[in-house]
């Protein structure tokens, strides 16, 4: 059995190394890690490979050193997932075939922001970069960022489901103290959504800190 | 027609690749992008090529990957411009033949500062680096940074016109939440004005945040 | 005698250059220095080489330029240590054979945090990255970071001894204004503990700064 | 005369390129510029070449691109200096033969700090890194940083003279809004003093900002 597992692993490594999405995801991983949005090996990325499967980054892997061999394939029709972060990725893939790349990151500013805001969402108003993440015309002028409390996986998925129904997710949400999730229909768009949200969150956090003086 | 367009694009790419200003602008683009003043492909640069034309960066282009082939030529005697950012560049070129390079950036601190200050300008006093951006002797000791609200293109241009008449622009202005514009008579001077204003804005923002304690 | 010393030094240099832990420690030194957690040559690293000896970094050495030749071996059964920082490393090695790598750093945020918190420890609650540093199940949800005042070496060691007895150390402690100590059973784990604590401290410091506005 | 000047300049360039201090100063220039303590070509460095002469960096030169050819020699027995920054360097060289390298920088945090503190000096207490800059035993536990207002060159030099007499300069002083001056008896020590002061100033500025919440 050990030999069969080795063969399977080698096949998986070879397959991933030839997969252009796997290579792009690793390149993006290094780009994100260099911005220090993935401290101490945190964060989880995935890229869809079929209607019901995706390639995931190995847990705790330093994304500065990510290579295709560090990705594993996960098919949700065959496995029952207990890990909350993976279950959230699976849920997002099941919401829409347009969800093709999902990135969970642990940036310092996003983490602080998620703790600071007590409401279940924050509305961004007056930033030109809202255009990058808006999913509807109204979101261009008033763009919500959902903030969920960490809780049992099932409850988190229920809450996300309701937010999707109400159309209050703009390619992203925060789980308090547990990271920022963003997604897109391509690796480039997921990267743009991540960069835009990190910028918007960073701006709003600075604005709150500087507002001490004015209010 | 498709073939003619291809030929025209190829000519444009070849021309730009031989244009030393195009190459310098791309080098500057990478320098600015590395400071993270152009999140998610934001920002617009241009360099004058004649009395009534300039080379512009393609919209949404990641400036870390800018090459001369990503620039397009725009002649304002032949086209009617609806995009606000391009119209502002055109207006600045028309104000003075000394305006040869224009940079719009989206730095986090400039964005926050533009939101924090409610007045239509902010006066900088006591910084040695005011010397870098001052356009008159009095501005060396008291240097204004204009802050405009985002509005219809025509109104923005009218307001800029009035500010130029009153001499209250020191190589730069902010549009609230929509970026910092700087210009210069060379690429090097535009870069220096950008760097000096980012420094001055960053200082003033920190000073405001720290002043909580003192006032 | 001068010749014997030279031979001994050359042997030590050659030995260290072949020691894989020495090479890894130098690589880690550059990684930490690039994050600017070791200003002006500050900080002290060591890696255990036997039950009662370890390799230490030379004092005041810029860790950006660390090479195995800059490490010296120290055996605490043969020498009596007066330097506080080295004595703390020795104490930590004597507490447990699982302590194999110790890093003292001087990050700006950790230094400020250690001055700001007046209590003898700070409890971290609500951060997913507590999982990285927790030494017990309860620390996953409420993780203490001990903060000691700088004092005579003997008193510092006594206080550390009491904290170990009470189980209130999660792979790290701060000495007010005198740096952050972290440790691990491998170089990779010590690095992860360092990175996680720098993140947690940075988050909490930002949260305190932003809380002005809310409380 | 034009030819003689050319010959003299060429000689100067050749001499500087062979001068090991000139090369080290340029290397240090790039290191400092990469930390963004020299925005928009600001800052002035010099290295002593004799009892009454030194090599200076060219004004407004981007220190990221500093080469020995950008240094010029200045002999204060032959010239009368009107530039305030150069006059301050000259004064420091005349104070002590141990002053061999002088660095003026424009870091954002040092600039903000110099504006925030209204007193004519700030006392640093409780930081281990005070040891790096202290010039006397008492300064190890309480280390002053002098802060002067910008004023006529003659008055600045008089005030500096008084501070030296009183022994209240710890290898550095600030001129409000006009930069930080540090010095040392070697390039390495000047660099260490710069790095330590930037750290100490950065810590104190953060401490002040975070103290809003506590006081």
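In this document, chain identifiers A, B, C and D correspond to the written order of the chains, with residue numbering beginning at 1 in each.
Methods note: contacts are C-beta pairs under 8 Å (C-beta built on N, C-alpha and C of every residue); 3 or more make two chains touch, one makes a residue touch a chain.
Worth saying up front: this structure is predicted, and the values here are computed from it rather than measured.
Counting steps between touching chains, the shortest path from subunit B to subunit C takes 2.
Where subunit A touches subunit B, under half of the residue numbers in use are shared by the two copies, so each contributes mostly different positions. It takes 90 degrees of rotation, in steps of 5, to superpose the Cα atoms of subunit C onto those of subunit D. Taking the CA centroid of subunit B as reference, the farthest chain centroid is that of C. Subunit B and subunit D have Cα centroids lying 32 Å from one another. Contact of a single residue of subunit D with at least two other chains is seen at positions 209, 211-212.
Arrangement of the chains shown, judged by which pairs touch: one closed cycle in which each chain has exactly two touching partners. Working note: touching chain pairs come out as A-B, A-C, B-D, C-D. Against subunit C, the residues of subunit D that register as touching in their complex are 126-129, 132, 192-193, 195-196, 198-199, 202-203, 206-207, 209-214. Residues 39-42, 106, 108-109, 111-112, 115-116, 150, 176-179, 205, 208-209, 211-212, 215 of subunit B are the ones touching subunit A in the complex.
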